[in-house]
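First the structure, which I've put down as structure tokens, then a few questions once you've had a look.
Labels run A, B and C following the written order; every chain starts at residue 1.
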Amino acid sequence: MTSLSLIDVRKSYGATPVLDGVTLEMGDCEFIAFLGPSGSGKSTLLRIIAGLEMADSGEVWLEGKRIDALAPGGRGVALVFQQYALYPHMTVRENMAFGLRNAKVPNTEIAARITQAAQTLEIDQLLDRKPGQLSGGQRQRVAIGRAIVKEPKLFLLDEPLSNLDAALRNRTRVELAQLRQRVRAAVIMVTHDQAEAMTLADRIVVMNDRKIQQVGAPMEIYDRPANRFVARFVGSPAMTILPAQGHAASGGYAQVQLKNGTLIQTRVSTADLPDDGEIEIGLRPEHVTVTAPGSGTIDGEAVIVERLGDRTLVYARLDDGSEIVAVDRGDSSVRMGVRVGLQIDGACAHLFDADGTCHHAERDQL
Amino acid sequence: MTTAAHNNRLPLTALFGVLLGAAIMVAPLVWTLLLSLKSNSELMRDSSAAFSAPYTLENYRAILVGSDVPRWLLNSIIVSLGTTAAVLMLCSLAGYGFARLDFPFRRTLFVFVLLGLAIPEQAVILPRHQLFATLGWHNSYPGLILPGLAAPFGVFFMTQYFRAIPKDLDEAAMLDGASRLDVFWRILLPLTLPAQATLGVFTFLGSWNDYWWPLISATTSDKYTLTVGLAAAQMNYAQTSGLGFLMAQAVFASIPILIVYIIFQKQIVQAMAGAAVR
Amino acid sequence: MMERRVSGMVFVLPFIGLYCFLLILPFVMGLWISFHRADLFGSRHWVGLDNYVRLFADPVFYQAMGTTFTLAVLIVPALTLITLLLALALNRASRSAAIFRGLFFSSSVLSVTIVTLIWRFVLTPDSGLIAKLLTAMGIEPLPFLSDPNLTVPALAITTIWWGLGLPMMLFLAGLQQIPQDMYEAASLDGANRWTTFFRITLPSLRRTTILVIMLQTAAQLQIFGQAQLLTQGGPSGSSRPIVLYIYEVAFGRWELGYAIAAAEVLLLLILALMLAQYWLSTRGEEVQR
């Protein structure tokens, strides 16, 4: 059964378009993340679903009912705001009860739902405090609690972790994942943080430039990005992209030549690549490993060395000035300024044609 | 208030200056209080009698029984509370409208209101007197209250305050199924209470102490406010029943406002400084 | 979600209506009436600029202007200096400082009639407090309220006593806004108390000082109740400020058009002052950048 569907939703502020025809189907109880940089339109889309903004055209359906003309309170959605937006003059209990009272839910039912939600979120000790007396993490739980008691068909989370410090963010991420198992409802989360999106979502909607760039499961987005934007935006550190010349090679797979002449054999089918044209090659850091100078595919100079413990990231500058990110062992001895060899795993490389479309290595060959 | 800029001990000369200033502040007040506690006949002979016993509450009794002062006090209370309530209502509505709603000419109207801040009372008080005379509104409570309601500062102040409340709160309430009126009444208005207190105290004080307008609008003794009544009393000093009685009126009239001052000291200082800086 | 809707106007219309009726309409009426020979009872005929021409030939108007400026000159510098010193002395966290601040502010909440009532019997030569003190010291009492050389200073003293509170609070607020680390940096640089005061405290109070001076000047240009009640403008008009002049022309001589013309001149003065304040404080910001 579909939960939410968006059909060709468009929105502009005056002459500035912010959404260019967004269409999306959400499965029952699915957790979807809208991932994109600021200005990509993801927050506007969330607000249109919530009813806080009106789309210029297009339709919004929720569980078989068209909702785009309904008031925000009548749509069966709940929104957890980035800054929580708790009512400062009400206690936690009153905050949670406010929406239910407006919906004319009987008092005994209100009390029961609050008790239940408070236990789930471990905020039962805080029910009679005001938001000003709570810590950031506690406010977040109350904001979630206020959404849960409404028993909405769809939860909307606007950058839910962005106001928490690093330690709390990791804990809350785990809690959100657990919570998700308990509430029988679909969830949409807006975020600019790919780690949040990757760990929590069933599917990720990558947005940029007013449009959906790609919809897919987290690993699909990572392994088979649809285009240059998605490839660069998802993954940290970002995929290295180098200009190259494409050459057809035996077996129907493309062979490309870097600016300094180095040849790399890929597993990308030549079928839909431009012939011998200008092309770009994309390499995830884990597909470039550091070796002794002269022993790898290409040599470069280590510019930055980031020691992460389990592995070391080496940012190397090639002789033509372009930069490439490579991975070395955790106990790597590479220091800044030394020359290193780089072993490129061409079988995992992606190729981008002139309009930015990404071509992937054929998977059944791997 | 804290500072580490100066040593925490006041230098002796400064301490002496402050004490001297305080003495100058207090001396007239004490003098007034002492005079008010003396019998008029004794003061008639020599006002130095104020420095020595016997003291009496006779003058205060005379105020409460058989003088117009309680009536003036009542008028002042009605006019000041009426003005304050109406200003709070009008400015809250307008502040919310300007801060949260969009309607044709919103910006133009707001600028139009701000221009009113530049018009001093002297430029409007005489024509307004004419206007009210034509309408037959003088010597009435509405006639005393209405001029206080054209308060551009209050609208400016409330608009700023509403603007400072995050819009998320309105939206959260709308998602909670609240109507626009609910949002205003149950979410935003309770949050503006500190501003209401500041503006309310400021308006009350201004209305209570206003002299120019009630002086020309209230010309019959039964509609005098305290300020105008006391002015009349001191103008007619020669004919009134004496110095002690007059000073008792001054003390009596000061008590309500000093009580308000002691309770709302913080709001008064804030409001006056706010209005000055604006 | 801000939809442009006419219904939003409902919230602002009650105020706008009253505002137009009680402030804008009288303001426009005033400009109109100032071009008329008009009395208090509604008779009017058009005289063009005649009221203004007469005004600038009226020695009593000039006398009132002179008195007003004298009052401003006596009050504003003294008040500014006294309140600055008080603020510097009372800008500390102690309980006694709070009590003194409250005391110096307390006179500001009294109405002008109470203030004049109190000061009349401080200043009056036969039974006043000052007279008693001077007599006790063997000095002849001064006729504050009847000697033309003493009435204006008497009004100034009363006004300063009445108006200390607000400028003191403004200076205190200004002092509170000076970042503490500036003082710490100065003391590390070995600045002594005086250097710190003249190089850090005073320059930081520049905007507050401009504000205080302008506010006080605007207030003193409109001084009214003290003069009307304490000296009735006398003797022979020596203590009659401009607003009292306007009041007397309107309600003593019933020449409404002429009185309003004088009020419009005062309005121009006050507007000029506001512009000067705006210009001074914005120019100061540019210099600081």
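The definition used in the following text is that a contact is a pair of C-beta atoms (placed from the backbone, for glycine too) under 8 Å apart; a residue touches a chain by one contact, two chains touch by 3 or more.
In UniProt terms, the chains line up like this: A = ATP-binding cassette domain-containing protein; B = Carbohydrate ABC transporter permease; C = Sugar ABC transporter permease.
The model shown is predicted, which means the values in this text are computed figures rather than measured ones.
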Original post:
Which chain has its C-alpha centre farthest away from the C-alpha centre of chain B?
Top reply: A
Subject >> Closest chain to the centre of mass proxy, which here is the mean CA position >> reply: B
Subject >> Separation of chain A from chain B, taking each centre as the mean of its C-alpha atoms, in whole Å >> reply: 58
Subject >> chain A and chain C, separation of their C-alpha mean positions in angstrom >> reply: 62
Original post:
How many angstrom between the C-alpha centroids of chain C and chain B?
Top reply: 17
**OP:** Two or more other chains in contact with one residue: find those residues in chain C.
**Re:** 1, 3
Subject >> Interface hub residues of chain A, defined as touching at least two other chains >> reply: 52
Original post:
For chain B, which residues are shared contacts with two or more other chains?
Top reply: 171, 174
Original post:
For the complex, which residues does chain A have touching chain B?
Top reply: 50-52, 71-74, 77-79, 81-89, 98-99, 102-103, 146, 150
Original post:
Across the complex, what residues on chain C touch chain B?
Top reply: 1-12, 14-16, 18-19, 21-27, 29-30, 33, 40, 42, 82, 85-86, 88-94, 97-98, 100, 102-114, 116-122, 126-129, 132, 161, 164-166, 169-170, 172-173, 175-176, 178, 180, 183-184, 193, 196, 201, 211, 215, 218, 222, 224-225, 228-229, 243, 246-247, 250-251, 256, 259-260, 263-264, 266-267, 270-271, 274
Original post:
In their shared complex, at which residues does chain B touch chain C?
Top reply: 1-6, 8, 10, 14-15, 17-18, 21-22, 24-29, 31-32, 35, 43, 46-48, 90-91, 93-94, 96-98, 100-104, 106, 109, 112-113, 116, 118-131, 133-134, 146-147, 149-150, 152, 155, 171, 174, 205, 208-209, 211-212, 216, 226-228, 230-231, 234-235, 243, 246-247, 249-250, 253-254, 257-258, 260-261, 265, 268-269, 272-273, 276-277
Subject >> Contact footprint of chain A on chain B as seen in their complex >> reply: 166, 168-169, 171-178, 182, 187, 190-191
